[in-house]
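Following are the structures in question.
Paired with subunit B in one complex and with subunit C in the other, subunit A is shared by the two complexes that follow.
The block that comes next holds the complex of A and B.
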């Protein structure tokens, strides 16, 4: 399975070579993606995004004599396998840049290796607010952090709905939901939204009636929830059962169509911040959607961010004068400004984190739709 | 405590009570803990889900069928895990362990057939109308669950107190030897109590799956220990005790989560359990050890 991806890419690259050959230079990009393990669902989508971007760039000839080659390996959603893959990319495949790994947790272990070997890394799905790009000047990031998405989304939403009081519910036994809660709390404070009460739950819980009842009794205007997908589905369903018809705002854990599958009609009126505005009519986005449709893939945020990761590497190569060395790419990153991508106009911030405008989506008629 | 929280507590408590009733019935008759009870709870939930989702049955038809399957699983349990050990000096402990093995087997079967993920009942399995009672909202689903649970309590009470089978089961509970001398078919009475016990556990499983719309191979774990706490609180073997303690635990849990936070949910039920074990080991409704003589 792992080799199937490499094989098909090899064929693609071979086809690219079949074009009249001048002094072509192949630049290898390593991608450490979670194809197995708990994050496998994300890795599969990322792979599609990367393959599509590499094919399109090679076909467009935008990089003149430079041909991109993606080397995709499975990090198995673990630190150990991630480290093995990074070592291979750095020393054996001698890639020019690395995309990945899928999980922030893995990135903490792998990225210091790349930093030490001076190999540029582009994170395309790490959303932990701290500690990723802090690893060093070779670590860059496309994916917006929770800290970037949630405050912007809440602000946009407050502008639309004008809520003043929020009830907060979060999972306090998980690092991700805990971090999401911290971001929500400070975002609510910045917007001067009163928090009527906070309630917690644990991952194995199935019954949230008690927490929801005591929150709803305090008459909030909105429920703000940080939860992973299974809990999120139950919370949404039970809140509606208790008669709550108001808005529910969720963190990145809600950002998955599974929520709608699980909670059904109860999910209507759930708002989620997202890095990718699927319904943007921007040309870069419509082109991307068409290309994905042609592949028979329904892209999500992960596929899109991975796709943009490759675009950013290509742009860096271009900015470096079509040179694909490790330091050329690193220097090129700093010159990426307002690049047209499916995520919108993309630039890097001085701390190497990505910068573009997040959007808010709402569940309406059984689908995630961008809040206009 | 608001009316809504009382409804939440009664709702949760009815499931605990139903589950614990089955537990306590087998314990009352055999002095044995059947640790596969939670696995039957889970399997029944999956059976009902499959009947509704794949066979397209109405839930009110799927529920009795799943309960019947659970009862039959109880017979299997009795035959495989308990009967071969009966009469051995250590049958209390060895039965406990063999039931634990059966629990693992049942869970593995569920994994094999339905996979490890959370499965859900299709939408509209029970039309979700909301009614206003006690200053709170109660859905038809919740009312159905509380209603089914109360109905089953009455059926069980009638079965045990008013029928010949019930008399036999009670006789075996007092003393299997005396019962046998008096002409009671002891094996049949024990098998019957396993059937009834597992059917109740299965009913609790189906209702739990419906209530929180979440069915998974490990769903039994969350009620397993709660069920133990309930039967100890109510008094081992006491059916009235199991019902009252089930509702009490449901209410206490809801109260604690609402006022102290979700982290204390389990802590308080087990602290109560600890206190009961220290202060009143036979539970609130447990008979003082009559049968030891």
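The block that comes next holds the complex of A and C.
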């Protein structure tokens, strides 16, 4: 009797320990983010987006027995450390997929390593039009390229405002702003908008009066600017000081609440093409905004795209039959179709770039609002 | 065995970058060894990196040919640069050579053939870690041979007192120029090896910050010995990775704090070992002797 009691107790205890251990499977996702160095502001937001998405997916139980785990590392905005982080993810942490890196220039150096090792990568902030997904079939991208956002935005804007002559100002010493300029130039040509003049500046510049004065003297209908956020506020404020009241169109660098904070009322009438429609009333978006608010974070496009990056990986795991191997996830990406995300319905194009509808924002009453 | 392989694969890029940074630190050391603070190495590295990448990408040349060109071209540029700028001294020489680096960088930014600021991408990976260390070994061998030779003594004399060296019949210009040319060759070679190691080159990778890094490698390692810069490059390249390893153990989240610790370590080395890490054994010996005397 006593012996039988002990036996049954032992069996129960053994079962209790054994049952959960056999069921759960942890899938690691590496995130190589720039949390120090020049791109630190973007990386911090991306980190929040990734952590929120991982927590929500695990809580929802959508992946059944699969538990996601985010491994976040800092690449210091350099390719040297970006490469080190990727090799760590691939060989040491043995992650199933990698999100990042923050900068396109780092991606050119790191993604070939993931391609060689057959580890799927999801780019969530690389917007360089060429050479990212071209690296190979394991490289996928959630973030829309400048080429996917700017031409459509300029077309919509021209329909509204009917401008014919543009003055172009761009930063020519930065990979991102230079690529944005190339896209703007061809988009303006396609719309048959005359470019009255082109002016350039460099990243460390803080005075743009000379360039702006010479552009404004030629009486354009609109200013088209490709700049990083650190230059954007100054350009907008100085253009207004010189008496420019017309529209200013900016690339993705302008897509940041900091613009309004720094430029103040001068930012009114700034138009920005955006991958993320902040004021979308889509359920996925309102849910995302609520969850961010609960964390005390004011999300920007970088946080949103990073969040969607995790959603896309989770969907790929689901499509692969809740399997989290590297090749399962890669195969799953191809089956991601019209996924509901804060960015809208998301699918991949045949070249592995992301596809969803971009929007145009305007700064009005001290806020980014969607141009209807 | 498997553990060893995993560790190697994880840290192979760090291993490679230790060698690359060592070459770059040595390129700054060459001119420092005769007392000249020339900060043109980033410019020379850019010339080497671009020359080699253009040759392999656009002209289908073999890697050895590209490396040879990447070593030779900066040397050719160093001669007309060095003749005028080596006439000026101290901080003015530093400023003039920084300007040279910026000219190279801005030239590349405005050169459409090499994609301007976006740089060259999809460069084939042809550099192996052993090639990097072979280059480091050859550079060290050369610098070791200089020590105690007629050349070595001349360089030391120029470093200690240039005017006195000249009155002793040392042709200071020839020596200074030769060291600048040697530094240019090392930087160019390092640039070419890096470009074919990391798949891409962009002008912003060769800015002022980069040359300051090289100088810091040399100073932290110690410029009293020819191998000092290599020690400094190894220490400072490994440090962020070691901190990455330690961070989760002590609960530091990845991010700015890691760099703060990096800065503190760097500062303490400079404060407590002004002659660099290579002076550490001598310092310890001194201290032990002092203690035994008092005891």
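Here is the rule we go by: the second predicted complex is superposed on the first by the 345 of 372 C-alpha atoms of A that agree within 3 Å, B and C clash if a C-alpha of one lies under 4 Å from a C-alpha of the other, contacts with A are read in each partner's own complex, and residues count from 1 in each chain.
Methods note: a residue touches a chain if its C-beta (ideal position, glycine included) is under 8 Å from a C-beta of that chain, and two chains touch if they have at least 3 such contacts.
The model shown is predicted, which means the values in this text are computed figures rather than measured ones.
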| item | value |
| --- | --- |
| Clash or fit (per the criteria above) of subunit B with subunit C on subunit A | fit |
| Touched partner set for A:185, first subunit B, second subunit C, both or neither | neither |
| Touching partner for A:155 - first (subunit B), second (subunit C), both, neither | neither |
| Partner chain(s) touched by A:242 [first = subunit B, second = subunit C, both, neither] | first |
| Partner chain in contact with A:211 - subunit B first, subunit C second, else both or neither | first |
| Which superposed partner A:172 touches (first subunit B, second subunit C, both, neither) | both |
| Greater residue coverage of subunit A in the superposed arrangement, subunit B or subunit C | C |
| Which superposed partner A:201 touches (first subunit B, second subunit C, both, neither) | first |
| Touching partner for A:135 - first (subunit B), second (subunit C), both, neither | second |
| Lowest C-alpha to C-alpha distance for subunit C against subunit B (Å) | 9 |
| Contacts on subunit A seen with subunit B and repeated with subunit C across the two complexes | 172 |
| Complex contacts: residues of subunit A adjacent to subunit C | 35-36, 40, 44, 72-74, 76, 79-81, 83-84, 87-88, 90-92, 105, 108-109, 112, 128, 131, 134-135, 172-175, 177-179 |
| Subunit A-facing residues of subunit B, complex | 2, 4-5, 8-9, 11-12, 118, 120, 123, 128, 130, 136-137, 139, 141-142, 208, 211-214, 219, 221-222, 253-255, 257-259, 261-263, 265 |
| Touching residues (chain side subunit C, partner subunit A) in the complex | 6, 9-14, 17, 106, 109-110, 116-119, 121-122, 125, 198-200, 202-205, 240-241, 244, 254-256, 258-259 |
| In the complex, subunit A residues that touch subunit B | 172, 199-202, 204-207, 209-211, 213-214, 217, 230, 234, 237-238, 241-243, 262, 264-265 |
